[in-house]
Amino acid sequence: MSGERLAYRLVQIGFAAVLLLAWWLVSRNGYVSPILLPSLTSSVHEFVLLLESGSYWPDLRVTLYELVMAFMIASVTGCIVGYIVSRSRFSVRVFDPLFAGLYSIPAILLFPLYVLFFGLGPGSKIAIGATIAFFPIILNTIAGFDYVDRSYITAARSMGASGVQMFWSVMLPAAFPVVLAGLRMGFILAFLSILGSETIASLSGLGHKIVSFAESMDPAKMFAYIFLAIIIAFLLNATVTLIEARVRRGHG
Amino acid sequence: MRNGTSAITVEGVSQAFGPEGDPRRVIALESASLAVERGELLCLIGPSGCGKSTLLNLIGGLMTPTTGEVAIEGERVRGPLPKKVAYVFQESALFPWRTVIDNVKLGMAFQGVARSERDDRAMGALSAVGLADFAQHYPAQLSGGMKQRAQLARALGLQTDILLMDEPFAALDEQTRMVLGEDLSELLARTGKTIVFVTHSLVEAVFLADRVAVFTARPGRIKTMISVDEGHPRNRDFMTSDKLGRLRNELYELLHDEIRKTMGDTRP
Amino acid sequence: MSVGPGLARLGVIIGLVILWEIGVRLYGDPLFLSPPSQVVGALWEILGNQPVMRALGTTLYELVVAFALAVAVGLPIGLIIGLQRFARGSFYPIVLMLYAIPQATILPLVILAFGIGPPSKIAFGFTHAVFPIMVTVVAGVQGVKPSLLVCARSMGANRSQIFWNVILPHMIPSFFTGMRLAMTGDLLGVLLAELYVSQAGVGHFTRLFTESFEPAKLFALITCLAAIAVLLNELCRRAERRMSRWHE
């Protein structure tokens, strides 16, 4: 590693070390109430306990279930409706601004309505996750199919491609990268919004667990779940990136 | 090479874009008529917007003329004829998500060629353009000249009698163009295909064509037809000959004012 | 051309509203769903309701303060990181790492730290808004074409002149893009915190209307908030477009 890069790394490690040191000192000397900031050691201890016991599993399962359901609903409807809209220039001009405009409204506002309608169970979380993920997916699907390079279509027409052949051999592969990017964004947004909504109103799930430990004044356990949630987010993101890279490579 | 029957006939063809009465209406082509013999290479040359690409698209059935008639081997053209006509475009219309050989095979798939035949035909076409070793590469890995050769292979793989080429070498540097021009001439001599070739390059037109159709500025009409009496395959001797120089100068004289007109130059 | 796209869009929206009205009147349980006609009535009620209006005002205040803080902090830090090579190499990865943390997980923590009043909402909005500003400012500073810098230097400009006349103007469009993104984040952060727990802001009333099963009032309140959000977003978008006009 070059001298410069080493210096950067040292600063970053130093930063992390200072942070941890500050945490340890502050909680040790009681500068901050232990209800807000548990000691570093107890947090780590609780985190290890949590991992070992596996007691996170029921709530993690709920959160993942909500995520998968929300993503499936959003991606199926988003892709199908998006493709249909992209078929005519007129419908693109009518619907694309409509969806783009709706996208600018923070969809989390709908969550109280979903809670009213679906209750505190996974249903409301799936609903909000699907709603929020829907928009990047449909907008990207419309864009992907709308902007297929004219020269590909002309070439295929000149070679006598039928409508079905045109779709499978030209439109779909050409639109694919953009649609994939939309799916990826939708997935991440779904996860974040599900976590957030679990925090607001839920009976189970990772977000709920964090809140319940906050309310029961057990901050060490709360921190343990926060660590876990961050790690899950990181893992999901890495998985999605890997899948996207793998798919792109096969795409040529 | 010539046997009297016209492969392509264009009679009184006009093409206008935009509804009648609309002030923005563009008349791209006006009363064009010509006949292309079998085994002939005809070049269409003219200033930008003169309708030469439009005429090519009309011949290939990608558009229908506003007035007039286009016929291929006596039959009126109503739509794309993938079994009779193959295209090579200016921008590489190779699909970037498929390998070179898959691109060549794709055209055959659209045509309905049997799967078992496709591999042999594809490799044959690629060998003809000298890309046999690059069959498994992706278009992004090829140079500009190679991409156009791959497009040519795709067109050859369709085994049509007629080849329509729309400024296929325009995006390439001059040196590559010269080499590819020689290759094309050699291909023509070997296969006897009928080729209609659109170009901006005067030298390219004279080097490649049996006849050159010179267009006026928009609305495009065929100003003159120039004959190049020279057999195929043509090589570097022809490139450096006086004859080519003379014909090129003749083209320049014919085109110079048309080009200025296109650029809005109203100076005398 | 018979119908323009704008008119068609209006038609689609009206059609959906009619569908909503009929659908809910025929099939909907009034405890859970409200037809648009009732929502309009509830909207009228709410607009005259003092406490609700005050709560909306508080929320707007939280949004604006959080945004201002995000700009005040994000812009200078972004500039420093963008201009200073060492800061960029060492601190920028840290910024990106913090940006990647799912902030929904620390919501209860922020509330614990700042209480259930406006300060916690401002803090949460701030943390959502500050990162897009930093990132876009860094990108804007970094994105100046080297040829422009070379040209300026060849004309004898010193560092300060290069900053004010080349780098800063070039960074402005990215900065405004960052502000637009920051506004989106700000809205998300403040609203998330409000919905979680609120005494003086709208979150209090959303919870009230949810628990007392008054969908019409809830929807009316959401509509007000949505209107505020759209307004703020649109302001940012217009500003961004105005500033980007010279950009390719």
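General remarks:
Order of writing sets the labels: A, B and C. Residues in every chain begin at 1.
Quick note on the criterion: a residue touches a chain if its C-beta (ideal position, glycine included) is under 8 Å from a C-beta of that chain, and two chains touch if they have at least 3 such contacts.
This is a predicted model, so every value here is computed, not measured.
Taken as a contact graph, the chains are arranged in an open line, each linked only to its neighbours along the path.
Across the two candidate interfaces, A-C and A-B, the one carrying more C-beta contacts is A-C.
Distance from the chain B centre to the chain C centre is 54 Å, each centre being the mean of its Cα atoms. Averaged C-alpha coordinates give centres for chain A and chain C that are 18 Å from one another.
Chain centres here are Cα averages; for chain A and chain B they lie 50 Å apart. By the touch criterion given at the top, residues 5, 8-9, 12-13, 32-33, 86, 89-91, 93-94, 100-102, 104-109, 111-113, 184, 187-188, 191-192, 195-196, 206-207, 209-210, 213, 215, 218-219, 222, 225-226, 229-230, 233-234, 237 of chain C touch chain A in their complex. Contact residues of chain A toward chain C in the complex are 4-5, 7-8, 11-12, 15, 35-36, 90, 93-95, 97-98, 101, 104-106, 108-113, 115-117, 191-193, 195-196, 199-201, 206-207, 210-211, 214-215, 219, 222, 225-226, 229-230, 233-234, 237.
On the chain B side of its complex with chain A, the touching residues are 60, 62, 80-83, 85-87, 89, 91, 93, 95-99, 106-107, 109-111, 138, 140, 158. Remark: chain A residues 151-152, 154-162, 165, 169-170, 173-174, 176, 251-252 touch chain B in the complex.
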